[in-house]
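For reference, the structure I am asking about is given below.
Lettered A, B, C and D in written order, each chain numbered from 1.
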Amino acid sequence: MAESVTAEYVARVFEEVKNWGKWGNDDERGALNYITEKKRAAAAALVRDGVQLSCALDFPVEPSPDNPHPAQHMMVVAGDACCDPRAPGLQMSMDFIGISFHGMASSHIDALCHVFVGKQMYNGFPAEDVLSTGATRNSIMAAREGIAGRGVLLDIPRLRGVGWLELDDRITVDELEAAEKEQGVRVDEGDILLVATGRDARREKLGRWPAFEEGLAGLDPRCVPWLHERKIAVLGSDGISDMLPGLGLEDWMMPIHQCCLVAMGVHLLDNLDLGTLGAACAERNRWEFFFSVSPLRIDGGTGSPVNPLAIF
Amino acid sequence: MAESVTAEYVARVFEEVKNWGKWGNDDERGALNYITEKKRAAAAALVRDGVQLSCALDFPVEPSPDNPHPAQHMMVVAGDACCDPRAPGLQMSMDFIGISFHGMASSHIDALCHVFVGKQMYNGFPAEDVLSTGATRNSIMAAREGIAGRGVLLDIPRLRGVGWLELDDRITVDELEAAEKEQGVRVDEGDILLVATGRDARREKLGRWPAFEEGLAGLDPRCVPWLHERKIAVLGSDGISDMLPGLGLEDWMMPIHQCCLVAMGVHLLDNLDLGTLGAACAERNRWEFFFSVSPLRIDGGTGSPVNPLAIF
Amino acid sequence: MAESVTAEYVARVFEEVKNWGKWGNDDERGALNYITEKKRAAAAALVRDGVQLSCALDFPVEPSPDNPHPAQHMMVVAGDACCDPRAPGLQMSMDFIGISFHGMASSHIDALCHVFVGKQMYNGFPAEDVLSTGATRNSIMAAREGIAGRGVLLDIPRLRGVGWLELDDRITVDELEAAEKEQGVRVDEGDILLVATGRDARREKLGRWPAFEEGLAGLDPRCVPWLHERKIAVLGSDGISDMLPGLGLEDWMMPIHQCCLVAMGVHLLDNLDLGTLGAACAERNRWEFFFSVSPLRIDGGTGSPVNPLAIF
Amino acid sequence: MAESVTAEYVARVFEEVKNWGKWGNDDERGALNYITEKKRAAAAALVRDGVQLSCALDFPVEPSPDNPHPAQHMMVVAGDACCDPRAPGLQMSMDFIGISFHGMASSHIDALCHVFVGKQMYNGFPAEDVLSTGATRNSIMAAREGIAGRGVLLDIPRLRGVGWLELDDRITVDELEAAEKEQGVRVDEGDILLVATGRDARREKLGRWPAFEEGLAGLDPRCVPWLHERKIAVLGSDGISDMLPGLGLEDWMMPIHQCCLVAMGVHLLDNLDLGTLGAACAERNRWEFFFSVSPLRIDGGTGSPVNPLAIF
């Protein structure tokens, strides 16, 4: 951990953690392959009291400093005109939603085609495979059957005894391991790892902020080898796992995104709401749970808005 | 069951199965209240081999006879221009999706504000509460924490020994009970009941068709009291549960939608893909499973596109 | 002009300038009726050198302080995938645009259904005629054949000898008449009156600003009787004609919008680019010109994005 | 005219009519350069009685056989909820429109980047210049100041004495010249040429049809050299100028589009409504008029929905 984070360091790590070819040259599922049916069944066995909660933010229709491209929600027909022309005997309301979901206020999953390094995606597919008409490789359809398995939450503000991490804070491997120890849980092969930075609490207290400009706490790039060793299947955060604005490393603006999505084939969950989950874990002193994510089946999609569920 | 289906009959049933006030005058969750934490935990205990599958159709971007208002999927930036202006050191692709999800080619959940009878919604809220700016009552936010519990599939084509039901076929209470018996399962309080009509198989064989014009198999309106007695939490189908074009009863164009959503407060899952699920059930001779649905958290929304998951 | 602007004053003026019934009880065109064919032909005769210019801002796709709901522009197929599936022998690109055009960065026309006073529209139609499915009265279809006639520009910053009006500046009747005199033009029946505040110049120099919060120069409400006397057909501005944030008069937040659209039936052109036009007028010392606006034919629409043209 | 239309013929004509470099190597306006200010002034002088009419179809929100991707029109706020949160003292309605405008039911203009031949656009720019983020060359911004000049209508059904051309009819050079003679007008340099096929009349009588499947009358490819000789600035039609489904020439599916947009730099107006215009011309026995088109200023756009105006 003493090694300093340079572009050369990240470039070397990127090569070291590559899972390209590990699950075949045509594989598009990447680390989702770590979630075996056996592991999924074991995760379901974690359910005891049946309490269920959402880890998503509300659909982000309001413009705000962290949401310059708000989503759309419009009624197609409301209660004032509640007759579908196709169905004269029926009174109904309908609406429309639209979203470019890779924003900073949207709980979403990144498909493996979302990021390129050197114009390549996970498993070596070229950026050109992501056409203006949709991704022909590594689209979110790789997760079309849904993702369900063991979720593990590492709550860093709790470990540090603070309400939230500051905007330029970075989370180290030592902290991840200290959180494991403190919480009595160990991140293991096939886990869906969630790392809390307290962003929800900060937002509630201080309001929304433009994360690209003002910053966002996240994982030190030196966590990448650790994530690789632990063989996580998915990585999620209430931030975007990466620190913003990053370390100023040319070509490595978001090393976590770049190493996870491109090298390791680890899908990412960005902008979750982990506050409720953290409280539920703390209440039970149990930091593992059944966790499911069901992306929309968007052919050629670069991800999906999601509402991930945790069940205790 | 001898009674014939008239407008008077449906109007009477509508009154008889009303759950208004049952869970309080402010309740917006309706029959979701039947899924207790205990039942959810029991449902999770159904998971054995960890096999998971999606019950959703692909995001419906293609116009077709059953999809006159196709959804949108457009790239915001593809591999040819893969540099986000906010992040010069990052190569990425992004896209946009848009959908008016209450279509016949979209797997979606109907919120309790989707349908009115006599300009009223579930629990007596007036249609006027569904404004052009969004529903202020009975929106999909009632299910924002997700829906998870025991799923039960009744496979009517299998019972009848046919590939699919014909377009004007209706499913009776006798058949529902015969399917229960044949399959060795009993629909019970808090269940998410899925009824297969073989629509997927028919579509695959004969192509898509305009269901409003040509028809769609569904439940006989006389099933409503049975659904009420069994206290199901959610009703889903590969069709829309209702028969199309309906029975020509003035004001009761979709009696299942009207009685479930408005009177009973039962959320509906429309246009699922139940073919894979049916095969998985048959293979195991087990017609119950853990089932989860996680609607997007759309404030004021009349439902959500969903990708429901079944786990065995 | 000595009378101070109170809510009572505006309410009285609103009644005094009402054109309801003037062109029949079913009329939806309002002051567009002032543009007779004869006047239009006379306007065309103003064309001498054939120089033509646009008075619109670019389609506002970028989020900015004055554009919290940016418009959409997305490619459906770009050069990287240039084969339309319907036309194998053809290489093409296509795109999509989407806009909620009543924003502060969008050059648009307001239909007469855009604003209500006391839940009534122009000619006394009730607000309820504007349904969640579209306006059934006073929609932009009233202008579906396009608007063309004599344009007259009154350039207030030029009159004052400043680059732009300050954010809390208001334009008086005296100034309008002084500008007429200075420019050698008289606003007359059927004219499309454009009033420049220098907003474009300010934006170019100081950047964009949130007009609802920080302010915007506009017409003093006491100009309303003058606008009525002059029988203008359309009113346009590089701002929105109204001052922002207004005068704090309860129920009269935007008296120009309210009196023009609702009482007088005068369509409004908001957020034009009048800088180029002003320069062209000054260069010729001619402040009248042929002017045309062609709204999209949106059935039930509350207006349209437009690109108005001036020809000298 | 005896030469038969083969792929070789079209390929040769394509080369012969190329205007690449004619207005400079950086030119993106193409044949719009033919509309000089002098010609525009002369066109304005054609206005006599001041009658004005629209040549556009209504905004195509309804799905139909010729409109598989209907446009969107949704209210953001209607009369039932008519208070903008930003403006408590104001009652208003607002809406949203969205459109992928290159459809068969949308009156639109094609930018010169809309079509490629051999992956090249007008003036030799490569298809790669049309990125997934927008066209960097030959976008509709080339026409951002609007298009206005002399419009000439050639009404072929009138010439033939029929209500409309049949779906597989093609218009020849002889017919264009016969129409000129019959109508007493000559197509000349800088003209906006409109060719009527009677599509509106057929649609009104027989309903809409899927033009790509069933056909559409248009210009014989052998008209291209004639269009080039006459130096038209813009070509418009109530169809799409091209015949559909075309002549089955590999790589030359739409020779008019390909030769006009790519070789000659002639912008196209597709799916106009020319019935009203034809009647107005016939009534006056005058087939020339002032004509203006004002595309939205869409940076990077491949065209724009438009509402072209003719004034007599």
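As a convention for this text, contacts are C-beta pairs under 8 Å (C-beta built on N, C-alpha and C of every residue); 3 or more make two chains touch, one makes a residue touch a chain.
Just so we're clear, the structure is a prediction, and the values are computed from it rather than from any experiment.
K.L.:
Can you spot which option in B-C, A-C or A-D is basically B-D again, with over half of the contact pairs the same by residue number?
P.N.:
A-C
K.L.:
After a C-alpha superposition of chain B on chain C, what does the rotation angle come to, in degrees rounded to the nearest 5?
P.N.:
For the C-alpha superposition of chain B onto chain C, the angle is 180 degrees.
K.L.:
With chain centres taken as the means of their Cα atoms, state the distance from chain B to chain C in Å.
P.N.:
46
K.L.:
How many angstrom lie between the centres of chain A and chain C, each centre taken as the mean Cα position?
P.N.:
Here chain A and chain C have centroids separated by 45 Å.
K.L.:
Chain A to chain B: how many Å between their CA centres?
P.N.:
Centre separation, chain A to chain B: 28 Å.
K.L.:
For chain D, what residues touch not just one other chain but two or more?
P.N.:
Those would be 72, 75-76, 78-80, 96, 98, 128, 131-133.
K.L.:
Provide the residue numbers of chain B that touch chain A in the complex, in ascending order.
P.N.:
Against chain A, chain B makes touches at 36-42, 44-45, 47-54, 56-59, 61, 72-73, 75-76, 78-80, 82, 86-102, 113-117, 119, 126-135, 144-146, 148, 212, 246, 249-254, 257-258, 290, 292-309, 311.
K.L.:
Contact residues on chain A for chain C in the complex?
P.N.:
Counting only chain A, the residues touching chain C are 63, 68-70, 75-81, 98, 128, 131-133.
K.L.:
Would you pull the chain D residues touching chain A in the complex into a rising list?
P.N.:
Listed in rising order, the residues of chain D that touch chain A are 72, 74-76, 78-80, 96, 131-132.
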